[in-house]
Amino acid sequence: MAADDTEVVDFLYEVGLLKRYKRIGWVVAGVPDVESIADHSHRTAITAAVIASLEGADPQRAAFLALFHDTQETRTTDIPYLGKRYLKAVAPAEVTEDQVRGLPAVLADTIRGAVREYEGHESTEAVCARDADKLECLMQAVEYRSQGSSHTQAWIDTSLAALKTAAAKRLAEEALRRGPLEWMHETRDEKPPL
Amino acid sequence: MAADDTEVVDFLYEVGLLKRYKRIGWVVAGVPDVESIADHSHRTAITAAVIASLEGADPQRAAFLALFHDTQETRTTDIPYLGKRYLKAVAPAEVTEDQVRGLPAVLADTIRGAVREYEGHESTEAVCARDADKLECLMQAVEYRSQGSSHTQAWIDTSLAALKTAAAKRLAEEALRRGPLEWMHETRDEKPPL
Amino acid sequence: MAADDTEVVDFLYEVGLLKRYKRIGWVVAGVPDVESIADHSHRTAITAAVIASLEGADPQRAAFLALFHDTQETRTTDIPYLGKRYLKAVAPAEVTEDQVRGLPAVLADTIRGAVREYEGHESTEAVCARDADKLECLMQAVEYRSQGSSHTQAWIDTSLAALKTAAAKRLAEEALRRGPLEWMHETRDEKPPL
Amino acid sequence: MAADDTEVVDFLYEVGLLKRYKRIGWVVAGVPDVESIADHSHRTAITAAVIASLEGADPQRAAFLALFHDTQETRTTDIPYLGKRYLKAVAPAEVTEDQVRGLPAVLADTIRGAVREYEGHESTEAVCARDADKLECLMQAVEYRSQGSSHTQAWIDTSLAALKTAAAKRLAEEALRRGPLEWMHETRDEKPPL
Amino acid sequence: MAADDTEVVDFLYEVGLLKRYKRIGWVVAGVPDVESIADHSHRTAITAAVIASLEGADPQRAAFLALFHDTQETRTTDIPYLGKRYLKAVAPAEVTEDQVRGLPAVLADTIRGAVREYEGHESTEAVCARDADKLECLMQAVEYRSQGSSHTQAWIDTSLAALKTAAAKRLAEEALRRGPLEWMHETRDEKPPL
Amino acid sequence: MAADDTEVVDFLYEVGLLKRYKRIGWVVAGVPDVESIADHSHRTAITAAVIASLEGADPQRAAFLALFHDTQETRTTDIPYLGKRYLKAVAPAEVTEDQVRGLPAVLADTIRGAVREYEGHESTEAVCARDADKLECLMQAVEYRSQGSSHTQAWIDTSLAALKTAAAKRLAEEALRRGPLEWMHETRDEKPPL
C-alpha cells in the first residue's frame, strides 16, 4: 500500500505542474500575464458542464473529461502551433499510460477511461468537452483583447471554426457580442441584481 | 433563448475571475508568485476524484463538487483567516443562488445541487471533495516550502488536522514524507520510467 | 516595555501586508500587473496634501489621514464592488481598534484619531483626503487605459462623481484632458525643462 | 489657473512612477517579486510616525517628511550601492526644485520645505524619518529572508548600523527577534485576539 | 590561478544582473511586463550580425560588440531619459575598466577592446552594432504597442531618427510596416511554410 | 529587395520570442520568477567568450555560436527533461534551415554555419560554447538556490558532469565555492574596489 501511496502522491504533485506551465499561445501573442494550463482547464471543465447541459448530455461526465484533457502536458508542455511541425508527440493516451502506471487499478482505469473517451472524439460528452476547450479559448481571447492585446483574432477565428455543437456555436456568438463582465458595469450604473 | 445565452455567457466570464484572483493565504505567507483560485480548484477536483476512488465513492461526483467549491469567490474573493473576524459573509449557497439566476433551469439545478451537496458536508463525495480541498492546500504548502517560503507550517498543520477520510490522511503523510516531484530527480540519475 | 515593542513591531509587519495585497478593482478590470494597496495609499497621501493645499486646508493633516485610510485592509483585504452585497464588514474604526490594542497609548491615540477623522467625513482635511482617494483612483484608471486596458471607464465615472472639493474636480478634469506623463514626451522633442 | 492645474496633474502623474520603479537593492539581492519605491515609502511614513511618537516628536511631521523622502527617484530611479561610484547625482533638493517648478507657490513651498528638512538631518522629525527609512528596510529584509532569500544580511547590518534614535534601535532588535507576522500564526492555534 | 578564477566567476555572476534589471524606458512608458537588459542585448547582438551582413561588414565582430554594449549597466543600471539631467555617469569604458580588473590579461583585453570600439562610434561594425541597439528598441516598441501600450511612439521616433546605416533604415521601415509575427498568422490561414 | 527585408524583419521578430519563453527547467523546479531563453543565451555567449579565451580558442567565434545555440526554440520552445521521452524533435539545424529560408544568402549562410558548427560538437569553439551553456546553467542554479529554491541540485550535478574543458571545470568548482555576488557584500564592509 505504501508503494501505491507514493505513486498517488507523485501523480498529484505532477498535476501541480499545470499551475506553473503557461498557455503558450498567449505567450506567442504577447499577452503580458498569461494564464496557466490549470487556469484554462478549470474553466474548460465548467464550460463542458454547461455545454453538455444545453445539449442534453451528462454535465458531470463532460466536466470530468475536460478536467483531464490537458493533463499530459505536465510531460509535454503546451506546444505552440508553430512547433507542431518540428515536434512529433506520442499520442496523449500513451502519456497518460505512463502517468497512471503504479496507481491503484480502479483509479488508473478511471483516468485512462476519461482520457480515451476524450481522445476518441465520439461520445456526446467528449464532443461537448472538446467544444468547451475551444469556447474557453475564444472567451479568453476576447478578455485579453479587451486588456489591450491586439494579436488575438487568430485564436478567436480558429476556435470558432472548430466548434461542433449548436450550443457552443450560439454561446461563442454571444460571447463575442457581449464582451467580458459587461453586467458588472451595468450594476455600477443601476441597482444591484438582487 | 437569447436572454438565456447572455446569462450563460456572463456566468462563464464571471468564472474566469477565478483565474485572476490569488489564493490569499499564500499572499499573507509571503509567497512570491501565488497560484490562482482556479489553479487550486483544478488540482482539488482531480484530488477529489483520487480520494473518492480510494474511498470507494464516486470519483466523478466528487470531482464535480470540487470544481464548483470556490466559485462563490468570484463575488467574495478569498478572505484571509484574519479577515473572518471582520467580514460576515452570506452562505456560499446564497451566492450561488444569485450566480445561477437566469441560467436555463436544468443547468441552474445542476450547479445549485453540486454546491448544496458540498456545503452539506454529508455525502461521502462531499467529504472526499472537502478533504481534497485540504490535501491540495497541504501539498501546495510543501511545494512553496521547498521553494524557500518558511511561513507555510501553519497551513500544513491546519490542513492535516481537518482531514476526515483515511485515504486523505494517508496521502497527506506520504506527501509530507515524499516531497514534490522527487521521482523526477530520480529519473535524472537512473533510467527513465519506461 | 518589551511587550509594547512586540506590539509595535507586529503592527509594522502587519502594515507591510498592504505591499502585497492588490487593489482588487483592477484585477476585476483585467489589468495585467496591478498596483498594491500601499502603492495607492502612497500617492493618495501626496494627492491629499496637494488638494488640501489648493483648498486652503492643512496638507500635513490631510496626508496623514490618507496614509492610514486603507490600513484596515490588512485584515479585510480590498473587497470588490460586487462583493459588498455578500460581505458585511465591521466599521473600519473597529478594525483599527484591534490593530492599535497594545500599542503605547500616545501612538494608539494618534492612529485612532486619524482613522476616526477620516471616517467622520467632516473636517476639511478628511474631505480632501477622501477626494484624494478618488482622484488617485481616476488617475490610475487613465494610466491603465493608456496601457491598453479598456475596462476602466466605470472607475473613472464613479471616481469623478464622488468628488466633493472644487480643487479635486478641477484636477480630475485636467487629468482626463492631459493624460499621463505627457510632458515627458514633450521634453523628448524639445529642450529639457531646465 | 489652467496652467497651474496642468503642472499639478503632471506632478501627480510623475509621483505615480514610484509605483512602477522597484527598490533596486532587492533586485541585486535576487529577491523574486520586488516591492516598489511607493510600497517602501508608504510603510516608511507610518514607521516614521511610530518612531516620532515613541521619541516624543511630532508623528505627523515625521510621516510627512518620509512621504516625500524618495520622490526625487521618479527622475533618478533607485541607484544600487554599487552604482554610486559611477553615477554622480545632483542633490535631492535640486531635483525637487525642478519637480515643484510651476506648482502653486504654497504647495511648492510645502514640498520644498519637507524635502529640505529631511535632507538637513537636523530636526528630530527628520532624524525619526531617516531612521524609519532604515528600520523599514531592515524589516523588509527580514521578510524577504523568511521567504527564502539568503542574501539579505548585508541590508540588515547596514540598516541597523545607521539607526540614530533609541526607539528605532529597540524596534530593530525586536523586529529581528520576533520575525514577521508571528502573531498571526499564534492566532491559528489559539483563540483570536478579540 | 585561483585568484584569477575568482575574478572570472565574479565577473560572470555580475553579468547575470542584466537578467534582473529591467529596461527602464518601458517601465516609464507603463508596459506591464518589461524585458530585461539581457533580453534586449541578446536580440541586439543578433540584429547587429544581420545589419553588418547587409552592410558588407563582419557580422561576428558586430555581434560581439553588441553583446557587451550594455554590460556597464550591472553597475549603473539603465537610467531613464529623464534622469540623465540629474545623474552624471562616468564613461562606459571606465566602468568596464573596473569590471575587467583582475581578469586574465587576454580576456580583459578582449572585453576592453570590444567596449572601446563600440564607444568609439567609428568602425563599421561599431556603427552597425549601434544601429542594432536602436532597431531592436524600435521593434520592441512596435511589439509593446501591439500589446496595448499606447506610449511607445516617442521610442519609435527617437530610435528611427538615430539610425545611420542604409540597411537599418530600410529594416526599420519594414518593421513598422509589417508588424510583429505577421507571418505566423498567415500560416494559420494557409499552408505552413514548408 | 523588399521581399528580403520582410524575411529579415520576420526573422528578428521571431528571435524576440526568446525574450518571452521561459527556461522550462526552472519552472519545473518551482523557481518563482524564471529567466527567459534570451536571458540565458546572453550570459552563455559572454561565458563562451570567457571559456574560449582561457582555452586559447577564438572568443568571438565561441560567443557567436552561443548566441544562436537556442534560436530554434522560437519554434520548439524549451522542452523539459521529462518531455524528451514523449516529443521527438527534428534536428536543430533543420529548424534553422526553415528560419533562414528567404534571408539574403550571405546572412543565411552565416547563421546556418554557426548552428552547424555548434551542433557538430567538434571545433574547439563549439566545445567552449557548449560548456558555456552548461556552466551558465550551473551558475543560475546556484543563484536560484541562494534565493530559496531547494530543487536545483539536479541541475548543478547534470551541468557539472557534462563539462569538457579544463577551464569550464575549474570555473564551475569556483562558482560553487564562491557563490553569487560575494564581492558586492565584501565591498559593503570594506572599501570599494577602486
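Order as written gives the chain letters A, B, C, D, E and F; numbering starts at 1 within each chain.
Throughout what follows, a contact is a pair of C-beta atoms (placed from the backbone, for glycine too) under 8 Å apart; a residue touches a chain by one contact, two chains touch by 3 or more.
Chain-to-protein mapping (UniProt): A, B, C, D, E, F = 5'-deoxynucleotidase.
Computed from a predicted structure; not experimentally measured.
**Q** Keeping to the contact definition above, tell me which chains border both chain C (5'-deoxynucleotidase) and chain D (5'-deoxynucleotidase).
**A** B, E
**Q** Of all chains present, which has the mean Cα position farthest from that of chain B (5'-deoxynucleotidase)?
**A** E
**Q** To the nearest 5 degrees, please report the angle of the rotation taking chain C (5'-deoxynucleotidase)'s Cα atoms onto chain E (5'-deoxynucleotidase).
**A** Rotation angle between the two copies comes out at 120 degrees.
**Q** Which is it for copies chain A (5'-deoxynucleotidase) and chain F (5'-deoxynucleotidase): same residues on both faces, with over half shared, or different residues?
**A** Interface between chain A (5'-deoxynucleotidase) and chain F (5'-deoxynucleotidase) is built from largely the same residues.
**Q** Can you compute the centre-to-centre distance for chain D (5'-deoxynucleotidase) and chain F (5'-deoxynucleotidase), using the mean CA position of each chain? Integer Å is fine.
**A** The computed centroid separation for chain D (5'-deoxynucleotidase) versus chain F (5'-deoxynucleotidase) comes out at 39 Å.
**Q** In angstrom, rounded to a whole number, how far apart do the mean CA points of chain B (5'-deoxynucleotidase) and chain C (5'-deoxynucleotidase) lie?
**A** That gives a centre separation of 33 Å.
**Q** If you average the CA atoms of chain A (5'-deoxynucleotidase) and of chain D (5'-deoxynucleotidase), how many Å lie between those two points?
**A** A distance of 45 Å separates the two centres.
**Q** Would you please write down the residue numbers of chain B (5'-deoxynucleotidase) that are in contact with two or more other chains?
**A** Only 17, 28, 30-33, 82, 85, 98, 143, 147-149, 180-181, 194 qualify.
**Q** How do the chains pair up in terms of touching? List each pair.
**A** According to the stated criterion, the contacting chain pairs are A-B, A-C, A-E, A-F, B-C, B-D, B-F, C-D, C-E, D-E, D-F, E-F.
**Q** Can you name the residues of chain B (5'-deoxynucleotidase) that touch chain F (5'-deoxynucleotidase) in the complex?
**A** Touching chain F (5'-deoxynucleotidase) from chain B (5'-deoxynucleotidase) are residues 31-33, 143, 146-149, 180-181, 184-185, 187-188, 192, 194.
**Q** Hey, which residues of chain C (5'-deoxynucleotidase) end up touching chain D (5'-deoxynucleotidase) in the complex?
**A** Residues of chain C (5'-deoxynucleotidase) touching chain D (5'-deoxynucleotidase): 1-2, 5-6, 8-19, 35-36, 38-39, 41-43, 45-47, 49-50, 53-54, 59-61, 63-64, 67-68, 71, 98, 101, 104, 106-107, 110-111, 135-136, 139-140, 143, 170-171, 174-175, 178, 180-183, 193-194.
**Q** Per the contact definition, I'd like the list of chain D (5'-deoxynucleotidase) residues that touch chain E (5'-deoxynucleotidase) in the complex.
**A** Against chain E (5'-deoxynucleotidase), chain D (5'-deoxynucleotidase) makes touches at 17, 20-22, 24, 27-28, 30, 72, 74-77, 79-80, 82-83, 85-90, 94-95, 98.
**Q** Spell out the part of chain B (5'-deoxynucleotidase) that touches chain D (5'-deoxynucleotidase) in their complex, as residue ranges.
**A** Answer in residue numbers: 28, 30-33, 81-82, 85, 147-151, 153-154, 157-158.
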